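After the structure tokens below, expect a handful of questions from me.
The letters A, B, C and D name the chains in turn, as written, and every chain counts its residues from 1.
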Amino acid sequence: MIIVLKPDVTDKQIQYITERVTDLGLKSMVSKGIERTIIGVIGEEDKLRAQPLEAFPGVEKVIPILKPYKLASREFRPENTVIDVHGIKIGGKKIVVIAGPCAVENYDLLLEIAEKVKLAGASLLRGGAFKPRTSPYSFQGLGEEGLKYLHEAGKKTGMPVVTEVMDTKDIELVERYADVIQIGARNMQNFNLLKEVGLSKKPVLLKRGMMSTIKELLMSAEYILSNGNFNVILCERGIRTFEDYTRNTLDISSIPIIKQLSHLPVIVDPSHGTGKWDLVAPLSRAAVAAGADGLLVEVHSKPEEALSDGAQSLKPDKFSKSIEELRSIAAVIGREM
Amino acid sequence: MIIVLKPDVTDKQIQYITERVTDLGLKSMVSKGIERTIIGVIGEEDKLRAQPLEAFPGVEKVIPILKPYKLASREFRPENTVIDVHGIKIGGKKIVVIAGPCAVENYDLLLEIAEKVKLAGASLLRGGAFKPRTSPYSFQGLGEEGLKYLHEAGKKTGMPVVTEVMDTKDIELVERYADVIQIGARNMQNFNLLKEVGLSKKPVLLKRGMMSTIKELLMSAEYILSNGNFNVILCERGIRTFEDYTRNTLDISSIPIIKQLSHLPVIVDPSHGTGKWDLVAPLSRAAVAAGADGLLVEVHSKPEEALSDGAQSLKPDKFSKSIEELRSIAAVIGREM
Amino acid sequence: MIIVLKPDVTDKQIQYITERVTDLGLKSMVSKGIERTIIGVIGEEDKLRAQPLEAFPGVEKVIPILKPYKLASREFRPENTVIDVHGIKIGGKKIVVIAGPCAVENYDLLLEIAEKVKLAGASLLRGGAFKPRTSPYSFQGLGEEGLKYLHEAGKKTGMPVVTEVMDTKDIELVERYADVIQIGARNMQNFNLLKEVGLSKKPVLLKRGMMSTIKELLMSAEYILSNGNFNVILCERGIRTFEDYTRNTLDISSIPIIKQLSHLPVIVDPSHGTGKWDLVAPLSRAAVAAGADGLLVEVHSKPEEALSDGAQSLKPDKFSKSIEELRSIAAVIGREM
Amino acid sequence: MIIVLKPDVTDKQIQYITERVTDLGLKSMVSKGIERTIIGVIGEEDKLRAQPLEAFPGVEKVIPILKPYKLASREFRPENTVIDVHGIKIGGKKIVVIAGPCAVENYDLLLEIAEKVKLAGASLLRGGAFKPRTSPYSFQGLGEEGLKYLHEAGKKTGMPVVTEVMDTKDIELVERYADVIQIGARNMQNFNLLKEVGLSKKPVLLKRGMMSTIKELLMSAEYILSNGNFNVILCERGIRTFEDYTRNTLDISSIPIIKQLSHLPVIVDPSHGTGKWDLVAPLSRAAVAAGADGLLVEVHSKPEEALSDGAQSLKPDKFSKSIEELRSIAAVIGREM
């Protein structure tokens, strides 16, 4: 950590800071430049991170040198983490597709969609039973009934299921039915929820918040990992920017960046990332080309009747065609689908 | 609601859409322009809002005319909502100051700060017992112990207390000690939490998410109101932008906008909004000048030892001086402190 | 255009507005809903666009139905525009690569890089003679000398050259040496410059501003087109967001969106879009997979000695390897390189 | 400057970097920590800033310690710069109001507005003769004719005039008529324009770009200062964010920040900053309360007929009332109007 001092810092202030650093068992090195004096601190940076150094008299700014996450970092674990969900490997050579409707609406429709996405090449089934909706007047999901349908449709089609949990008190319930527990973008910094799924035995699909940096996503993963659950799948799903043509701006760069910084698998959700079904196919191609370990795609057989997010749902035939293209792109970069 | 159709829309598609509108008990009016045909829909817009109209064949875009929130709107209730917290009125003529440390650290320090902010002119005491921290390795708050200290310090100094709840399962606990329940910025769209505090009898201080629009803030308030709790205080605390000199960009414009759109009181948190103690005084002046109903300020007697957010905490003497200035500005715009 | 009126609008106000609309030779239709009255306007929307309707008493908001650009739109010209630069087609089946150093530094180095990128598969040579630099103390480019070197290196290697013009008074000079005139991101809304290159006979490469929407990019293209120059190549090069790991956030979604909205070719600059050389290859793959008509890549044989943007420049061997991958991806989506 | 090295950096790489630093006449200090080695560089940071250090093998990131601007900094000149425009002081104790229409439309209307704003308390007259408009089909300003009207109206009412220049080739023309030359937000990084007004004898009003950080604004000021013109007035006019209720988000925090970082005066444009006339008064109060040295306000006697920006223009009576309030607020913070 580097502590940059103000031009008018006094010797007494410097002494106070260095003593404080020594108290924490760290070593400090004062270096007087022409225009600024800086203090370099050697030792466990975390000890110092907890101190409000910027509130110290004489301090201009504090610059951390190390990343604030550890367990999620590639330095902690150089090889890729591969997560096994009932035999399906996420993070390995094969690119995995998770597909299904935004919300579980009824059993028959869900099963119909499940069969179609399975046929097209999906490995896991997604569907929301608890839906985070901006308006209290929108459809909020079927709750436990939806979980049962999802579990049933997954069993029938031989696909493990992914579904979202929004509340710590629903974790046990969701764990009973889900194979992968999803933390939605709006809950990426719901730290209690992160801690609790960190205690779960089920893999966790952690979506990047629409207002969160890559570093913050990795810090949220760190919450789960540090509670003992190392099966975390990260998911890029678009960030909020000034561009209003799309619902969000899908940050394709985050894929190779996350692969550099972390050992965790990263998948992409082009449906939420764009909000428009006709952008899902080109952005899926882009995601795979950029190195994503998987895709999370909303598919609905009658999007114009969907109770949630119809505008961004692909029809099964378009989904199927999209998977074909992706297969060829995967091959180019030495992967499979 | 206005449905704008694609240039190549067919008569059959138009018919399908208008039939659908009629099915919902609404009236449609087709209007053919030179370059576009549009369908105007008359009736309860909410019925249509739930339909994924943008997924219909032939539809280019859908433009809502009405605001998606009702109970929170100024149209629903033209006069200002004034919330009574043990005799202190929030939203009335008097501008209210809520002050205290970011986190409750220990009882003696809390009491010392409480006495000082009371003396300087604060009406309510703030302090966190549950702290949402980006890193799992940072101080997470004292939990129930902190709530007890806060309650005790509030009683001793005669100030109602405001504290954050982060989890639905802690609501009962927090309600027991708090006079106002705070929903933090990261939980502004934790919809389960909103619903549950909507069932509480205690007033709720709802902070704007750092990447949420004013409309979304009002939608989140709608969640609380529609569950029966009309005592909602909104709080602007800065939004995330590309400017990185400050922790957030305090959106002062949101104050007069919220006063136009809603009857709910709005207060400002210049401490989180800037992240720097030396910007708190000028931004407090700006907030009061722009019409805020109150301020939420972090004050700490030893910021350089604070366990959380020391860099943005004012010392009691600076806080006291700031309140003096604000008193004069309040007078200019016909208010009091 | 739809004019949404305030809830308390008076009949006199409505009459005033409709008369005004009639004065412009347009037709208005008043439609009274339950909560709002709206006025639909039929006729040439542009006539109305120039009116400050939102300043009229009784008006709540004004919603345009049509896109504000015409000549740049796909509706104006359904087929793709293909631009011919000395026999090289941009916007056709073949994906075009423009490569070279950020700034022209000296002739020998430029020629060396030019030969290498040509060999690797580039069709056009890029290089800056006028450099927009944030700091007045940074290298500002060689000016006319740089243009001469560039022209010479282009002739020697058989590649047309692309270079930036920053000032209307340099247009004649730049036209003399360049085959394609580049308008940089910071000048995307330098409207005088746009008008002047609109009068040029040379194709224009127009970069998206880092804080400009896609609509604004197309409006800037409209400036050039409406002055008579239809040879405009659009370029996505990243937008400014809160994410600070990359220099900008490359908006890959903009590629399929621009292809939907406009007939103009669109290329991508992954070097500026990310600011890091090790992200250039994966983002190039993503851009091609998403449908880009070309790439603009910074290549430098000694990035660590470059006078500008060394950190984002690829070395020739990495560039060459990247082109190989792209060739295969292009084939998947029915294109060539 | 601090150079942070990669965990796997080799001794040879470290040696190469330190040699390079020595070649530039600077001193380097290598400091090996537990997880990272860093190199601190002592000496003129600017020499190193020009080097693409991040492109060096073994370098993870480079952290500058000093601000990249010098002449614009408070450290270079601790006391406030006060700019004298024909006897009107900008940056002194008195807060200055610059008002007038967005665009000069005709002489009579301009004179009418000028007389009214003068009466209300404005000291300078604003009005655009060259208008940067997003659409090529919008009113582009009257050009020289507009400049003449403005000059004439200024003379008649005894107010110096402020007007925008958009093109280097118009500088001489604008200088002839204007007392203060304005650089608009879209031209904040039109570096040639900055250099040229840096050679002018007239004061320059430099608006912050909607996509620019405070640091970049100061770098652009540095362009002007380093060319010899020290009479630069900075202007906050709103930045682009995701919030779409207002045209821009007025960054009130930038006022006290700029006063800390720089000696230059800073004024605020609440008209462009919000885009809505009914937000101009509260935001003007906020700006003055936060310490602005002046205001730039659009006033129009018939906003509903204005050829540009009618929706954000105040009527003269509202403007006059607003100035009254501001006078009292100015007094609170020890200033005058």
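Simple rule for what comes next: contacts are C-beta pairs under 8 Å (C-beta built on N, C-alpha and C of every residue); 3 or more make two chains touch, one makes a residue touch a chain.
Everything numeric in this text was worked out from a predicted model, so none of it was measured.
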Self-check item: From chain B, the most remote chain by mean C-alpha position
Solution: C
Quiz item: Just going by residue numbers, which of A-D, B-C or B-D has an interface where over half the contact pairs are the same as at A-C?
Solution: B-D
Practice problem: Using mean C-alpha positions as chain centres, tell me how far chain B is from chain D in Å, no decimals. | Solution: 31
Quiz prompt | Length of the line joining the C-alpha centres of chain B and chain C, rounded to whole Å | solution = 38
Self-check item: Distance between the centres, which are taken as Cα means, of chain B and chain A, whole angstrom
Solution: 26
Exercise. Could you check chain C for residues that touch two or more other chains and list them?
Key: 211, 240-242, 244
Exercise. Can you check the complex and tell me which residues of chain A touch chain D?
Key: 2, 4, 7, 29, 31, 33-36, 38, 40, 42-45, 63, 65-66, 75, 240-242, 244
Self-check item: For the chain A and chain B complex, residues of the former touching the latter
Solution: 46, 49-50, 52, 54-57, 68-69, 132-140, 166-169, 186-187, 189-193, 195, 209-211, 216, 219, 222-223, 226-227, 240, 277, 303-311, 313
Quiz item: For chain D, which residues count as touching chain B in their complex?
Solution: 211, 213-215, 239, 241-246, 249-257, 260, 273-274, 278-279, 282-283, 285-291, 325, 328-329, 332-333
